[in-house]
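One chain, subunit A, links the two complexes that follow: it is found with subunit B in the first and with subunit C in the second.
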Partner chain A sequence: MTPTHFSVSSAFILGLMGLAFHRTHLLSALLCLEGMMLSLFIALSLWSLQLDAAGYSSSPMLMLAFSACEASAGLALLVATARTHGTDRLQSLNLLQC
Partner chain B sequence: MHPTMITTSTCLLVVLVLLLFPILTTFSPKPSPHHWASSHVKTAVKTAFFVSLAPLFLFLNEGTETIITNWSWMNINTFDINMSFKFDHYSIIFIPIALYVTWAILEFATWYMHTDPQMNRFFKYLLIFLVAMIILVSANNMFQLFIGWEGVGIMSFLLIGWWYGRADANTAALQAVLYNRIGDIGLILSMAWLAKTLNSWEIQQMIFLSKDLDMTVPLLGLILAATGKSAQFGLHPWLPSAMEGPTPVSALLHSSTMVVAGIFLLIRLSPLMENNQTALSVCLCLGALTTLFTATCALTQNDIKKIVAFSTSSQLGLMMVTIGLNQPQLAFLHICTHAFFKAMLFLCSGSIIHALNDEQDIRKMGGMQNLAPLTSTCLTIGSLALTGTPFLAGFFSKDAIIEAMNTSHINAWALILTLLATSFTAIYSLRVVYFVSMGHPRFITLPPINENNPSVINPLKRLALGSIIAGFLITLNYLPLKTPILTMPPSLKLAALAVTIMGLLMAFELAQMTSAQFKPLPKLTPHNFSNMLGFFPILIHRLLPKISLTLGQAVATQTVDQTWLEKTGPKSMTSAQVPMISLTTNIQQGLIKTYLTLFFLTFSLAMMISLS
Partner chain C sequence: MNPLVLSLLILSLGLGTTLTFASSHWLLAWMGLEINTLAIIPLMAQHHHPRAVEATTKYFLTQATAAALILFASMTNAWITGQWGIQQMDQTIPTTMLTIALMLKLGLAPAHFWLPEVLQGLDLTTGLIMSTWQKLAPLALLVQIPNLNSNLLIFIGLISTMVGGWGGLNQTQLRKVMAYSSIAHLGWMILIVSFNSKLTLLALSMYILMTTSMFLTLKINNSLDMNTLATSWAKTPILTALTPLILLSLGGLPPLSGFMPKWLILQELTKQELPLTATIAALSALLSLYFYLRLSYAMALTTSPNTTINTAPWRLKTNQNSIPLSTSIALTAMLLPMTPTILAI
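Coming up: the complex of A and B.
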């Protein structure tokens, strides 16, 4: 595996692990999601440059646009949670769980 | 018929009639007067004693032994059972001794049981016991011996439980019966084997027909019978418990007469045992173990009667050792001399107990030498005779036994145990004498000490006379059937004496230490072992039944219910399903953790696959 490939993959996996295992704050999950998006952006950009495929040059921009939508949806959820539960801690979402 | 024969037969049958007569008169509806016990029963026994002296003197003069077959009782095809009395050297010597000792005990009992409202019944029981004992001793066939055997067992039960209002007495009587019963199994086994194989229960025929047979099975049965009746190790706890009965009962039954019945059986049938090395070794080892174990237990007892009871058990072990050495005559000699001094020790104990207002603990006696001089003197004479002081009664039998043991081919373990038990005898005898007669009184100042009653003094004097000269008289007149070994190194010859003196000196040393406290918290393990009788009664009477009963309870209530309802029935269904169910619902709680973890796992799996 080339170093580029390795670094991009490991960044993505680290972000994924952070998403799965940081269960204290909702904000940390969203941040990890952003990290994953960033590594995907870099991967897409490098991909089209490495393979000299000009047709895929615009895919990073597309990706960025969609990730912005997703991030804003996530932030809206965060704000809604903070408004209803008073905090973004994930425990408060599980309070009625026995 | 020859006049000697007529005299001997008549006198011996008259003895039986004299003893049975008072018992038969109690069947009449007229109530007997209060002094019936002393006037009728004691006189009957006294007369019977004097009558039985005639055959004894004829035997000593001419060697007359008789077998009287009276009545053909029953027959089963070729198997005859008759009423047959064998008056050989064993019975002819034992019966006068038993009657002499019983006479002394009955006279003592008129004083001891004076305030008892049922005194006449007590004497009747003692008399029935005596008749059963004489039947046992003079039996010429196993059936008659068994009648006497069972008779003495039953009378022992009735007499031990004399004060039946006391729970301990009932327990002790029950113990006696149960342990004797276990021995009876052995006796019945032997009787059955002998009836089947030899087709006879007559002693003559059995001895003649068994010359070439392998007699191990019936001999082991007889040894079991002796173990039960004579309190050898394994079936011994009933003897110290039997001290719950009145002191005359202890003196008569459990020292002189009943407990020697087992040994007497082995002596009677010793010709069957001569060639069987297995049986002889069993007797030897069992006797050695018994004598040492019970002597150890006697060292730390505090009840004066229990010490004497354990002393009896130890001497019975010694008799068993003698039988194991193939010397039945020496065992018989020891039975005869032992009867005198042991009965006297019991009568002295009874006198002291009554004098101190029913106090039996030796730690609360003391100084009796000045307060009851005759009794404590007789106690000392009895103890000296017991330890085998040279030329008193016990010496002739005990020293002969230990000499025979030292000069025969036996295992050294039995020898060492017996010598050790001999030294222990000296130790506990000194302990009794020290605590009872020496030192200062340890009781309150007003006990009714009065030994001036002739009913107390005369029996003690008679038995003291017997304890001193009986051994001498018997050995003068009684020819040994086996040649004793007469030459041995001086160390072996003096072994018994040396061991006894060592024990005595050690006991003196220990007695000096009783007034000084050695350590504040001494380690008491050997003392506790000895005082609790080797933990044998606790284990066998309490622990084993408890284990059996709790096992029964556990099986009946818990195990059956648990098996049918919980392990194989309705509850087994739930207990098999529920663990699986709870495992499965673990994931299904709706936690975010679960979802995120699954997401991560799936993703990493996909990455692996795509990258490889």
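Coming up: the complex of A and C.
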């Protein structure tokens, strides 16, 4: 595994752990999601250098467009949660329990 | 909702699934999955009710995580092998990561914890779309991957059927019952995907048919929990007589069409020298059958001690279109003799 591959993979896995273990705020989960997407963006950008092929140069931009849409949807849901539940703390998201 | 916005969202849902179906590059498949997630989020949160918003937030977080994991698995495969083809993904680590990501996306055990709560927060139409349409794209990806780890998939499948059975036993809310039924049926689909992927697609189509019938029945009766279901016999007597057929078809009893996927899956598992797996799967289907039977008892076989407000309510003509419901009930009850024809596809 090349050092580049290792650093990108470890960045993604750190973000994934942060998303999986988020304890207090919804915003921290969204931040970790953004961190994961950022590591994937860097990996895709380095991918075309890895291949010495110029054809893949646009794929990071496409990926960034989609992850930006996803981030904005997440933030809109954060605002909606703050409106309905009063806070973004995860303890208050308990209306749907069995 | 504004009809223009509604048509835009529904067309985007169609676009996302079609894009994933038609793609041979992992990036495009990921984009289709993202479009699906983004399109259903406003549909889920349209009522601005606290429960709907909470369900939407939980759905968004799980689906976004799963999509990022899918992209990471395909990226890892690309770094190792140098290409992005969906059907050329044969490294074990990316394939395992991908299986786990698709498990989270579909709501298979042990990653199923979000599904009952999310389905509970939705209204019945959006719940129907989430249970049926949103399962198509991830399963289309799963059947295309070449060497799946069959041990992992059998483990996931058996755990899902058991969790779907045991989890649904203690529920009174019908949407949670349908969520656990979805987990169990997806478990059956996953059991067989590494051996005969045609049977996975057959099981998926039968599941979509039966779930559509059930959700449309609940929508006509406007019943969200078992007490309401128990007093809905007065509204639509014919539907009350037909609902046990839908429920027993969901339970997988012959001569209804729900028996077809279970029978063929058990046969294929036995052919693959896995009789213990087949036995455990068949026994766990009994658990789901128990709560389907409980629902049909409550609705049609016993009269509820609660009385309806009037002695016999007016059976007013509803505005809902009943043609989809009648077609899907006919198909869920009577498709079993067509098994050879369906197998030949």
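Basically, the second predicted complex is superposed on the first by the 95 of 98 C-alpha atoms of A that agree within 3 Å, B and C clash if a C-alpha of one lies under 4 Å from a C-alpha of the other, contacts with A are read in each partner's own complex, and residues count from 1 in each chain.
Following the convention adopted for this analysis, contacts are C-beta pairs under 8 Å (C-beta built on N, C-alpha and C of every residue); 3 or more make two chains touch, one makes a residue touch a chain.
Everything numeric in this text was worked out from a predicted model, so none of it was measured.
Applying the stated contact rule after C-alpha superposition, one finds that A:R23 touches subunit B and leaves subunit C untouched. Between subunit B and subunit C, the partner in contact with more residues of subunit A is C.
Legend: residue contacts after superposition of the two complexes on their common chain; A:S9 is shown touching both subunit B and subunit C.
Residue contacts after overlaying the shared chain place A:M37 against subunit C, while subunit B stays out of touching range. Shared-chain residue A:Q50: touches subunit C; no touch with subunit B.
Overlap of the subunit B and subunit C interfaces on subunit A comprises residues 9, 16, 19-20, 93, 97. Within the complex, the subunit C residues that touch subunit A are 27, 30-31, 34, 37-38, 41, 45, 48-51, 53-58, 60-61, 64-65, 67-69, 71-72, 75-76, 78-79, 82, 116-118, 120-121, 170-171, 176. By the touch criterion given at the top, residues 589-593, 596-597, 599-600, 603-604, 607, 611 of subunit B touch subunit A in their complex. On the subunit A side of its complex with subunit B, the touching residues are 1, 9, 13, 16-17, 19-21, 23, 90, 93-94, 97. Note for the complex: subunit A touches subunit C at residues 2, 5, 8-9, 12, 16, 19-20, 26, 29, 33, 36-37, 40, 43-44, 47, 50-51, 59, 62-63, 66, 69-70, 73-74, 77-78, 80-81, 83-85, 93, 95-98.
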